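Submitted below is the structure of interest, expressed as structure tokens.
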């Protein structure tokens, strides 16, 4: 049993680190001194961050064992944050180009 | 006044009839009169403050921190009579916020914690009204009294008023933390533990106000989206929650020193029926 | 026994305080004929610059600065008497503790503004007038805790349901009357002249006489209550 | 709507192989005091408020934000994220060890958490010192106001987190205490520091 949780937590941690590296690569893909608006980088970064948060909720914070209500509430937060952040960003892009 | 009816609901033999009749009855017979008095003072005066600050004087939501002297003079002119009348009423009634602090202190006295907690909370919150509210009202009254004063001086009074109002966060920060710690240590179950954590949230918003001392415009100024609007939402939620919880506390109060009896919902009554209960006798 | 000995000493500081306050009141040149809010900035500045006035302003306000919060020990005695009343909760004594933390602080702030105005009277008259306004408005309008104190004390006395209450019911009626007398002072911002202005009959004379009367009457009543308590506890011991 | 349906709809990192036994795992158990979750959710929505304000300000002046953002070092941000993820991992292991009665291992893990928290603290202080040294302070421009505000309010949560971990150590130290509930409550708080940072990292360092 002991090794069961060890292995699972290790896998979760490795996955989170891998996703962080993806963010790092995305963030350095356009060079350090030439920062330009880039919807692809922004959207993927925010999406990756929220997926990471959801993994932290479900695995580290054990929401997957928790009552459905808590599971729904945390998912609701992820959803609200995703919609409001991406929505604001996309609206801003639409206004500045239009 | 439907809320008065719910208050009567805590006493099975309370009379129905006119509001005055019921108040007189409770004054004579209700053993919890002192607590209900403090609670009703709290509800009435929080609402009155809302009306006075948002509608009569119209100083909240706060005006921009970046106004120049001539716009500030205009701002005072627009509200001249409202400021003078509204703040006069504030001066009249502010003292009646003290029963609120007394009730909050009482909630800590009912807990299984040291008396140091209620006393420090009582002093912190009684003192907080002076810089946090009354100085604001004095400065704005003085500003409104002489519209022909040098605009630069009126501008200074305006800054003084709003900085005093938004910038004295330390007292509320420490007060919330004292309450939080008391609730976490309490074994009498006066408040649920989540309310302790909500106190921490409220305390953190007091930290968030502090940039108002630095910024004249934007989201961190005294009228900013973060320092004012988001904090106000938190404060309203926090206040609503503690008014509700204090009401539950009074309903549950048994004037003992042990754990406060729970409110008896149907589920709990059914649970009590299954296992022998010792607390039932003291609950009523 | 030892407890009330100390209380009696605190109580007898009251006459001494009274003498100090009355003399400070008389020394301040702006009180006996209270300064009018209609004075122009130059007139206010001249008042502070007048070499006959300036020392009197400073010394009277320094006296108030020393002894302004002298009431707090006496109010504490009042709190202890409320504790003896037949109440179920300490709500009323907590209320009075709250009032006494905030009330004298406000008087201290008014005092501070007067002293600031007198510190550099050669300053721009508009600034002297600003400090003078702040001082007078704070001094006059800041009655909220005095009103609440009287009303809450009255309620506490009415609810003291025992065969020999700590204070007799007339003390409660008296406190309500005092509270009513303090009400007009809160509206000082509205009038530059007449009875409501800060030098007027209601806002100045009625208010300050009411406060003085309250201190005297409550001092006597408190003394009687403490003496009775001593007698009762002496019998018990 | 069952728990499984909502799980399956979203891609997840490392636990795809365990999806099969999901229904058996949904035991309806909340680790620690459920009360702490009220705090977590309240703070989470509060931070969403701060993030949205940041976003709204940012889209009005994207150039300024992009230029200022180039002054931050993405590698430091990534390092911070690694450190906090690792601290979260170790506090999760602490909870599991304590649950199985292996208190020595639980204590080791909570000390590791404190260590990683401390590494984060030091690196944040150094980063602030570096930015201030370059002349970018709290009121230099809008981006830096948000940068210092978000990192500082997060830092404050971290400082409170050390007190919380202190309580966890205190519980695990003596066999007389060892309240599993308090250990789990403390861990829930610590994970909050972690997941809030993940979003702050994305918004301040990476997005364009």
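Per-chain numbering from 1; labels A, B, C and D assigned in written order.
The rule we apply is simple: a contact is a pair of C-beta atoms (placed from the backbone, for glycine too) under 8 Å apart; a residue touches a chain by one contact, two chains touch by 3 or more.
Note that the coordinates shown come from a computational prediction; the quantities given were computed from them, not determined experimentally.
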Taking contacts as defined above, which has more of them, A-D or B-D? A-D
So which chain ends up in the middle if you average the CA atoms? B
Please work out the Cα centroid separation of chain A and chain C, and write it as a whole number of Å. 62
Chain-centre distance (mean CA atoms) for chain A and chain D, in whole Å, is 13
Using mean CA coordinates as chain centres, what's the chain A-chain B distance in Å? 38
Between chain B and chain D, what's the gap in Å when you average each chain's C-alpha atoms? 32
Chain D residues touching 2+ other chains are 34
Could you classify the connectivity of these chains, where an edge means two chains touch, as line, ring, star, complete or other? line
Pairwise touch list, complete, is A-D, B-C, B-D
Hey, which residues of chain A end up touching chain D in the complex? 1-2, 5-6, 8-21, 23-24, 26-28, 30, 32-33, 35-39, 41-42, 45-46, 48-62, 64-68, 70-75, 77, 80-81, 84-85, 88-89, 91-93, 95-96
Quick one: in the complex, what on chain B touches chain D? 192-194, 196-198, 200-201, 204-205, 207-208, 211, 214-215, 218-220, 225-226, 230, 233-234
In the complex, the residues of chain D that touch chain A are 2-3, 6-7, 10-15, 18, 22, 25-31, 34, 37, 41, 44-45, 48, 51-52, 55-56, 58-60, 62, 66-67, 69-70, 74-75, 78, 81-82, 85-86, 88-89, 91-93, 95-97, 100, 102, 187-188, 191, 194-195, 198-199, 201-203, 205-208
The answer for chain B against chain C in the complex is residues 31-35, 37-38, 83-85, 87-96, 98-99, 101-103, 105-106, 109, 118, 122-123, 125-127, 129-130, 134-135, 138-139, 141-142, 144-146, 149-150, 153, 156-157, 255
In the complex, chain D residues that touch chain B: 33-36, 38-39, 42-43, 46, 49-50, 53, 57, 138-139, 142, 145, 149, 153, 156-157, 160
